[in-house]
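I am attaching a structure below and will ask some questions about it afterwards.
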Amino acid sequence: MDAIILQILNGLDKGSAYALIALGLTLIFGTLGVVNFAHGALFMIGAFCAVTMQRILTLSYETIDATKTDFLGNALKVKTPYVESWFGPEMGASIIDWAVPLAILFSIPIMLLVGYVMERGLIKHFYKRPHADQILVTFGLAIVLQELIKHYYGANPIPTGAPDAFKGSFDFGTLLGFDPNTVIYPYWRMVYFAFAAVIIGAVFAFLQFTTFGMVVRAGMADRETVGLLGINIDKRFTIMFGLAAAVAGLAGVMYAPINSPNYHMGMDFLVLSFVVVVVGGMGSLPGAVLAGFMLGILESFASMNWIKDIVPGIDQIIIYLVAIIILLTRPRGLMGRKGVMED
Amino acid sequence: MGLLEVKGVGKRFGGLQALGDVNLSVQENTVHAIIGPNGAGKSTLLNCFVGKLIPDTGSVMFNGQSVLGRTPFEINQMGISRVFQTPEIFGDLNVMENMMIPCFAKRDGAFRLHAFETVENEKDLVEKAEQMLIDVNMIDKRHMNAASMSRGDKRRLEMAMCLVQDPKLLLLDEPTAGMARADTNNTIDLLKEIKEKRDITMAIIEHDMHVVFSLAERITVLAQGTPLVEDTPENIKGHPKVQEAYLGEAH
Amino acid sequence: MSNSNLTRRGVLKSGAVAGAGVALPTIFTASSAAAYTNEPMGGSVTLGFNVPQTGPYADEGADELRAYQLAVEHLNGEGDGGMMNTFSSKALKGNGILGKKVEFVTGDTQTKSDAARASAKSMIEKDGAVMITGGSSSGVAIAVQGLCQEAGVIFMAGLTHSNDTTGKDKKANGFRHFFNAYMSGAALAPVLAARYGTDRKAYHLTADYTWGWTQEESIVASTEALGWETVNTVKTPLAATDFSSYITPVLQTDADVLVLNHYGGNMVNSLTNAVQFGLREKQVNGRDFEIVVPLFSRLMARGAGENIKGILGSTNWHWSLTDEGTQAFVKSFGTKYGFPPSQAAHTTYCQTLLYADACERAGTFNPCGVGEALEGFEFDGLGNGKTTYRAEDHQCFKDVLVVRGKENPTSEFDLLEVVEVTPAAQVTYDPDHPMFTGGALGECNAG
Amino acid sequence: MLGLSKKDTKFLFIVIALTAATPILLQPFPEGSAMSQFNAGYPDLMQRFAIFGIFAIGFNILFGLTGYLSFGHAAFLGVGSYSAVWMFKLLSMNVLPGIILAIIVSGLFALVIGYVSLRRSGIYFSILTLAFAQMSFNLAYSVLTPITNGETGLQVTLNDPRILGQQVAANGNVPPTNFFGLEMGSSLKIPVGGWEFTFNAGYYFCAVIAILAFYLSLRIFRSPFGLMLRAIKTNQTRLNYTGLNSRPYTLAAFVISGMYAGLAGGLLASMDPLAGAERMQWTASGEVVLMTILGGVGTMMGPILGAGFIKYFENIFSKINENVLHQWFSFLPDGLEGFVIWVAEHFVGSGWHLTSGVLFMMVVIFLPGGLVEGGQRIGKKLKRKKSDGDGDDAEHHPKQSPHVAE
């Protein structure tokens, strides 16, 4: 039982990442009709916003410590971050410690800008082009973005820790009557889940309760009619693209402490999130979120030892297997509409 | 016994009774029109003939065989061709290629892996297709890309594609919908010409009374999913029930 | 061939071997014009450096490439000579190899066996490379080693840790300087037993591919021999990024050690996740829960940040060693590039020097001659103490380092501290040890 | 001739001539010159051009004609390679049984996957094929290691039975792959002036098969079957109401293109007897999609050009390193040289991915019809110059359907 609770929690956590990426993909697809293969790269850029924030905060000046030597036997250069000299060592250290949450503020304008530039500079010209062309051009863009990141940050993962306040884990088990330390969950992962829930909720509320959102939803359902009403839907769609980029970026920023960011993390997530989007049903926002959490949980269950003993290698293929089964039983995924991307 | 025998067909969509209890008989070598106001169930009925919908009750017999439960291509192979409200043609192909496809379907059936023959070498079929294009006055457009043609030409091409299969029954779903008066008249002339040149049975679903009365030999009036009357055009014209059904309608 | 001029010239070139007076163009296998594949004809010799330049191991590949360039400089008599000065064999003169200037070509393995072979083939076929070296994974090493055997050139393996490279997939033309999974186990187990006790219960997470399996097998065998119990061994997919669902089941067992048979990004993520779930603070039966990473790499350890502090593992070499070979290498590498070399860099540098030295001693570039010179070769001064290239399986036997993540690093490179230098004798095994059987070296192939 | 129209016959002969002359055409720079880095006339790469050409031609039969975008075609390539290597292990190093088995097994594999996946269309179809291929890759890499040798890839060894052939060659090694005694690795090297041309048996073996494959696909494009496939792409509704069952047509196209992929996989293993699991990864499937779109979807030459383009960048650009750059730009003044090299470094060596990414974008943005369209535009410009003032502008003619061979 405790094992199952833990795997559900793991699944919710994995699902949060899938759902956030899939949500953005669906927003872009649903509003602009564009299949965005660069969406994983946006997630990656988000994570690197956190890395960059950390780099900025730890910008240092060097002093020579003659008592110690470096690897070449020269006197050691000790680096002291500027923030530590400005705010004092303790205050400075805690500012650096909070790099990831600070990066959230920093990433929103950056991601909006990246999204805006991408949409105006490139995607805009591909609205009327075949999906295959959209895939190719955004895939090319994804490669370019990831190679640029690789060039400046290297290929290795870069550790980007959560603030100390969120280190350690919460003992759920004792609340539920299990032995201590059997059902525990890291604080940051819980933060991630809560954060994902808030973002998803906010996006839905925005689309549901604002006029802007209503227009966009109408545009998703029938773009031409809304266009005929004289509403400048294109402008709103640009904003939607920026929003989707911001959602992906925030998902990335918050993910950085869970797994150290590296330049190809976007590609790792890309294929899975496409599977998630399609399983949810092309163009369906609730479908994307539902499928994200569902596949996350199933993936976690599949990695349990007794299941792996029965079906060896099941954790390698579970997502694809479920995708196949769902698509064969529900032709348009969980909540897909008819006629979307079927030709 | 008619070519197409429809008995007791009913169809519900959720709470809506789209078709009640439709009985209909299309006789061989006649032009049979099915008319009715918007929402009368004309299209639903047509979709039951071609395999797109399966009625909840009743039977649809074509040439003595049931069409229910068969797929559109099987029904076409039985001898029913269909013209759509908006012309359905192969837009990326040229006119001649559009014509060759029904020719192959007629000769080779629903599937044949003829991967090592060449389209141009099928002399008999090419000749047949060209003759058809001559018949519909499109032979000079044979190399034209189908998507780049006018709507009227597309309609003409679609009809040619259906006729080249020598169907026993040709179903026309509002063939003049959205057309200008001149185009409508052209279409009427085309259909009349076809009717004169060959023995063919046609079932037309139509909105436009002008078209109906110029072509039809028998008319079924459909209202709220059930046939009101079936009679000759002359009798239908003055029928009180029909006028009642169309009251307030634009036509 | 209608143009007789072309044909004549063809014969002229191949004439030396095909025999004069043959009027028809001779079809010969890729190399029979020369005595062996890509025999260097001019004043230079070309070596092929095949390293990952794209993909997750690109940084490691870049470091390997730096070391190769440094080695080439030293061989050609430029720079300070590095480990050439401390190397026990004095055959190298700093005038290239056998008087020929050393040139090199580079290629990208992409850490895929297919791409690595394509790249190596282009070096052999297009650039005339007489030796191929490099790589950062066992799959690639074994695949390229097989290719070199077929093509008739020497392969000096880069970073490859699987038992199979010099076990069931060993090849006469292939040589490995790097240590292997068995040696990790043999070196690590006594240290683990000494520090954590002999009655531990270990839970293994293993990357689900050949290298992971051989490492798991080795560590399980060597720890069980000292009294440990293996609670479970769980395979994790290579593509896994989030290991939480593999870590949480550990909480429900009575295991008190977690062994992570992962490398690269997998290692960084699984270790990070394990620490997130509080395994380092966990107590089992009154004892601290421990995490072990049998194969450590400084470059990768950096990705795990603070999480590696205090964690034990093994490594082939580390820049903080104090022997003169290491110091000479670190000095010349550090002076040129501004940071200390990684173990991958050290291995590739050594391999280049060892190859060049073998050519000098054999007096030829012929793979069979070079192979013979390397087989059973004993040397010192390359940073790992006294080392032997064993003739039976072409594996180097040398001291293995047991290291621990450093608590108070002084710089971003100072991440590991050497806990123990396990003497070569302790990690030496019989050539027909069951973990290494199933293959044959075969005959050396000169093309 | 050969059941082809005059125009197509001419086209086929041009392709044959180009293929035969490839070892010369790809070696435009003399040995040892600074530009010789760009030469591609060595056996391995030429073989890859031919093999990936076959792969892309086959893919184009499915994607170019029917419009069904498979994202899992690499699985068939991988299955083909594994089958061929198993034949080398069990039977003999003759490539023929290996290639035949590769085609059969991949055909069967495609039949099963196609039968299931073709129940859906559009992106749902793409994801189904992707899922099957990723499952194959993941399992081949791990659980199926006894069959696939996992991470390392399936290799031939000295212990293999090879019941019909030599187990060990005279020199104590695994015998080389051959076609009834003709070794795939054997080459004829002909130096001409500063140039050296390599005529490799393996390349010509692949080239002959590639030409056959090209000829077959040309016939399919011109056949009634090909016409039906194009009809499926434009309007499936009309096709169904014209009495044609689209399912067996798409399935046949899927299986045929799967067999092409299997053939390519078998050839890949024949040239280099190793089958790596990465051949089945989604990136490999994506690569053939890129090849086809880059070259020009639905055209005859496009996929081949696209395959050549991508393989060229992968193999040539990745090998350019800092040293080579220094050689090239050494004539520049120091500061400028440094700057030029700094810029160029982003795009070569470890940056070759960046170059390919930029090029994908450029091609899609500026040449929506792929490289073939680029060629046509150049051709048109040349023509227009010739007939300047002629008044015979193509635009004044009624729009013609583009000829698929162009």
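The chains carry the letters A, B, C and D, assigned in the order they are written, with residues numbered from 1 in each.
Note that a residue touches a chain if its C-beta (ideal position, glycine included) is under 8 Å from a C-beta of that chain, and two chains touch if they have at least 3 such contacts.
Quick caveat, the model's predicted, so the values are computed rather than measured.
> Would you mind telling me which chain pair, B-D or C-D, is linked by more contacting C-beta pairs?
Counting C-beta pairs in contact, C-D comes out ahead.
> Relative to the centroid of every protein C-alpha atom displayed, which chain's own C-alpha centroid is closest?
D
> Between chain B and chain D, tell me the centre distance in angstrom, where each centre is the average of that chain's C-alpha atoms.
46
> Between chain C and chain D, what is the gap in Å from one C-alpha centre to the other?
Their C-alpha centroids are separated by 33 Å.
> Give, as an integer number of Å, the spacing between the C-alpha centres of chain B and chain A.
Measuring from centre to centre gives 53 Å for this pair.
> How many angstrom lie between the centres of chain A and chain D, each centre taken as the mean Cα position?
Measuring from centre to centre gives 35 Å for this pair.
> Hey, what residues on chain B touch two or more of the other chains?
In chain B, nothing touches at least two other chains.
> Quick one: which residues in chain A touch 2 or more of the other chains?
313, 316
> If I count partner chains per residue in chain C, which residues reach a count of at least 2?
58, 62, 208, 235, 237, 239
> I'd like to see which chains touch which, written out pair by pair.
Those chain pairs which touch are A-C, A-D, B-D, C-D.
> Give every residue of chain B touching chain D within the complex, in rising order.
Where chain B meets chain D, its residues are 50, 71-73, 76-77, 81-82, 84, 88-94, 97, 100-102, 104-106, 108-122, 141, 143-145, 148, 161, 165.
> Along chain D, where are the residues that touch chain A in the complex?
Against chain A, chain D makes touches at 67, 69, 116, 119-124, 127-128, 130-132, 134-135, 138-139, 141-143, 236, 282, 286, 289-290, 293-294, 297, 346, 351, 353-354, 356-361, 364-365, 368.
> Tell me, which parts of chain D touch chain C in their complex?
Contact set of chain D toward chain C: 39, 42-45, 48, 138, 141-143, 145, 149-153, 155, 157-159, 168, 171-174, 176, 183, 185-192, 198, 201, 272-274, 276, 278-279, 314-315, 318-319, 321, 323, 349-350, 352-353.
> Could you pull out which chain A residues touch chain D in their complex?
35, 122, 125, 129, 131-133, 135-137, 139-144, 146-148, 151, 271, 274-275, 278-279, 282, 312-313, 316-317, 320-321, 323-324, 327-328, 331-333, 341-343
> Help me check something: in the complex, which residues belonging to chain C touch chain D?
On the chain C side, the touching residues are 6-7, 9-10, 13-14, 25-30, 33, 53-54, 58, 61-62, 65, 104-108, 112-115, 117-119, 121-123, 125-127, 137-139, 142-143, 146-147, 149-151, 164, 169, 208-211, 235, 237-239, 438-440, 442-443, 445.
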